[in-house]
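Please go over the structures that come below.
What follows is a pair of complexes built around subunit A, which joins subunit B in one and subunit C in the other.
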Partner chain A sequence: MSLKLGLGLLAVFAVTEALYFHIAETEKKCFIEEIPDETMVTGNYKVQLYDPNTKGYGDYPNIGMHVEVKDPEDKVILSKLYTAEGRFTFTSNTPGEHVICLYSNSTAWYGAQLRVHLDIQAGEHAQDYAQIAQKDKLNELQLRVRQLLDQVEQIVKEQNYQRYREERFRQTSESTNSRVFYWSLAQVLVLAITGYWQMRHLRGFFEAKKLV
Partner chain B sequence: MKLVVLLLLALGFVHGGEFDFTVEVPAGKFECFFQSVDIAKHKTLEVDYQVIDGGDLNINFMLIHGANVLQQDQLKTDGSHRIDLTEGGDYQVCFDNSFSYQTRKVVFFEIFLFDANGNLDESDLSSLARQDAELSIRMNDLGVTIDEFHRRANGIKNNLNKVEYHQALLRAHEARDRAIMSANFDRVTFWSLLHTLVLLGVAAIQVFMIRQLFEENSKIGRVLRKGKFD
Partner chain C sequence: MKKMLKFVTCIFFVISAKLVNSIELTFELPDNANQCFYEDFKQGKDSILEFQVVTGGQYDVDLILEDPNGKVLYKDTKKQYDSINFKTEIEGTYKACFSNEFSTFSHKIVYMDWQVGDEQENFNKAITQGTHAMSQLENYAVSIGDKLRTVDDYQTHHRLREATGRKRAEYLNERVMMWSIGQTALVIFIGIAQVYLLRSFFSDKRSRY
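And then the complex of A and B:
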């Protein structure tokens, strides 16, 4: 019993070592993760509520946290309501900027400040090595090598993604360049045509008025 | 039961002493992120940040501990600060976009916590693995000790961490350049369109004015001819 409690506290303590920030009741806080495809992202969070009696932040299990994840095409790939402390995972299908938004669902504590501890890890850092060691029964050597292999694989994925990004960047850059050129050309043409039309119109006007 | 124990342990060991986030700081807002520091473990704190989108790509930065402002940057595009930790507690990393009334800023920042050896506070994988008594024997047959292996593996891990750090930096640079370029693209399109419309508008007004100049019964013609309103 005490072991379970001790371990539970350890789990709680672990997330509290992460970054934390304050949000208001209905405020939405978003984080952008730019990741290659087929990359797993894990987020651990913990929410605490400001208690005016103790002037500190305490745990209230009734607070719910809504987690919404949008992919680069603005499609929602994860939208779930979690408890005051939890963990969410998703794997990217398309490379690009994924937006992870957190907001609390309860309006019962109106005007209160919430403290959210959050840790988002992507790729190799999101892997749970304890579970992998348990499942595949790996010894020290195997686990170490496995971790290094995962890290290298993630680095290679990231490099490929950067190469793809660079190609897209070059395309957009060239498109901007040609757009500038053709717009200038078009404007010169418009100017010439307008000038010609003006002269013709005014000549007709003056001739009609018998001034010329 | 054992699985539950291990899973709970896993929650504790899934991350090391490195946190990176990309956040949006709305116009006129002041956003702070707090990092708790355990002075027993962490000896050095490093914060790197870079503005990747929004307006002039600058932001005010502050590193605060308790009531003291330890580091401060005004209107910088990027910055890197490394401080030696003497006290524990919560360190605040703040981004101030209050000088901007319209543009939101997207900021990428990383916080590193180093221990006394200058290493990142990483989890100890050896404790998670299956204990294998024959391992040292088998390794001795190969002529390698476990310590030697760990040393080499740590060396590789540090190099890979450096690679990841540089990749993150490059990724932030690329995102910033992409944001600048799409802003340029929008600007070019907008101004070209505006120029063309102004051109056509001015041409029409010119023709209209000249016609009115020679028209007897028009108010505008009289104004143009006489040069005064009557």
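And then the complex of A and C:
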């Protein structure tokens, strides 16, 4: 019973304490999450519409929010229309930059301002420990250890991802290096060929014109 | 009864874990753009705002942090990264505005981490409100957790630095490629043009005589 209360409280905290920003009704706002693979990302959001009468932001349940998530290969892995308040979750398959875009479905007759409360958490931050504690009947210490375990796991994933990125970085550098090298060779060649062709062509021309 | 108390501690713990509200966002800041973020605070909360420019231009951005009365808590221009610690004096909405208005063409990616509340403090508060003092083991668990959070933090910073370097390298790679192609075309074009220009000089003179 009290745990339920706690969960309820938690939900309240999650929404009211979140960061917010303003967008125009038709504007699309994107955020980038650079995450390793197999990482869970959750987002909580709430949209409010500016009301010119009250000069404040009020809840309008009619507004819908499109949430679109693209993976590093530009493939859409989540595209959904939610209500004014919602929660989205996805798990990454490929490591890299995931782009999360939010935009409203309103047709914007008068371009009103929207206030978007947003909270995005990745990795072990995305875990809902209240639920875990309830489900697995863990005491405080067990829950703590469970959290530590998740933290370590996330760090391992991150380090693995770091190796992946380092490899990519190195490949880019090596590619630049070899391009510069081959280009310098190619340039010498191009210059030599051009020079040779110029000489031959002009000699032939002058001889034909009887200048030499 | 004991079980009930345990539940209560558990809830306090869980809430405390969530009270540490930290949000990390990486967003794009187009040229001449301005992006503001707001957060509601209670009085006397510790907060840390960190930012770092990942890519774009000279890796700099303007930031203004204002309290609910519009008092400027932090203002700096063309910073690459910074970490701002502040304690909220009054309750209300705090506003942080990132601006790229000085830049006319460079598009930027900015990372921001806004942390609310001191983690250790929140945790201790939760414990004292609970039913028992922390055992040695729990103390260890807490300190391991803190250390791991630091590790995570360092990893994030390292990741951002690496991203800056990597993107620069990718850009360089592309530019080397473009420049090579461009220069090859230019050399060949000039080579041919020279010859024809020279030919035309002689042909003209001859025809005039």
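Definition applied: the second predicted complex is superposed on the first by the 196 of 212 C-alpha atoms of A that agree within 3 Å, B and C clash if a C-alpha of one lies under 4 Å from a C-alpha of the other, contacts with A are read in each partner's own complex, and residues count from 1 in each chain.
Just so we're on the same page, a residue touches a chain if its C-beta (ideal position, glycine included) is under 8 Å from a C-beta of that chain, and two chains touch if they have at least 3 such contacts.
Keep in mind the model is a prediction, meaning the values are calculated, not measured.
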item	value
Fit or clash between subunit C and subunit B when superposed on subunit A	clash
First, second, both or neither for A:Gln159, with subunit B first and subunit C second	both
Contacts of A:Arg144 with subunit B and subunit C, given as first, second, both or neither	both
Which of subunit B and subunit C A:Thr42 touches, first, second, both or neither	first
Subunit B versus subunit C as contact partner of A:Leu202, first or second or both or neither	both
Touching partner for A:Asn93 - first (subunit B), second (subunit C), both, neither	neither
Touching partner for A:Ser79 - first (subunit B), second (subunit C), both, neither	neither
Subunit A residues contacted in one complex by subunit B, in the other by subunit C	3, 10, 13-14, 16-22, 29-34, 119-121, 125, 129-130, 133, 138-141, 143-145, 147-148, 151-152, 154-155, 158-159, 162, 165-166, 169, 172-173, 175-176, 179-180, 183, 186-187, 190-191, 194-195, 197-198, 201-202, 205-206, 209, 211
Complex contact set, residues of subunit B against subunit A	3, 5-16, 19, 21-24, 31-36, 38, 106, 111, 123, 125-126, 128-132, 135, 139, 146, 149-150, 153, 156-157, 160, 163-164, 167, 170-171, 174-175, 177-178, 181-182, 184-185, 188-189, 192, 195-196, 199-200, 203, 206-207, 210-211, 214
Sites on subunit A touched by subunit C in the complex	2-3, 5-6, 9-10, 13-14, 16-22, 29-34, 118-122, 125, 129-130, 133, 138-141, 143-145, 147-148, 151-152, 154-155, 158-159, 162, 165-166, 168-169, 172-173, 175-176, 179-180, 183, 186-187, 190-191, 194-195, 197-198, 201-202, 205-206, 209, 211
Subunit A to subunit B touching residues, read off their complex	3, 7-8, 10-11, 13-22, 29-34, 42, 44, 87, 97, 119-121, 125-126, 128-131, 133-134, 137-145, 147-148, 151-152, 154-155, 158-159, 162, 165-166, 169, 172-173, 175-176, 179-180, 183, 186-187, 190-191, 194-195, 197-198, 201-202, 205-206, 209, 211
Contact footprint of subunit A on subunit C as seen in their complex	4, 6-11, 13-15, 17-19, 21-28, 35-40, 109, 114, 116, 130, 135, 137-138, 141-142, 144-145, 148-149, 151-152, 155, 158-159, 162-163, 165-166, 169-170, 172-173, 176-177, 180, 183-184, 187-188, 191, 194-195, 198-199, 202-203, 206
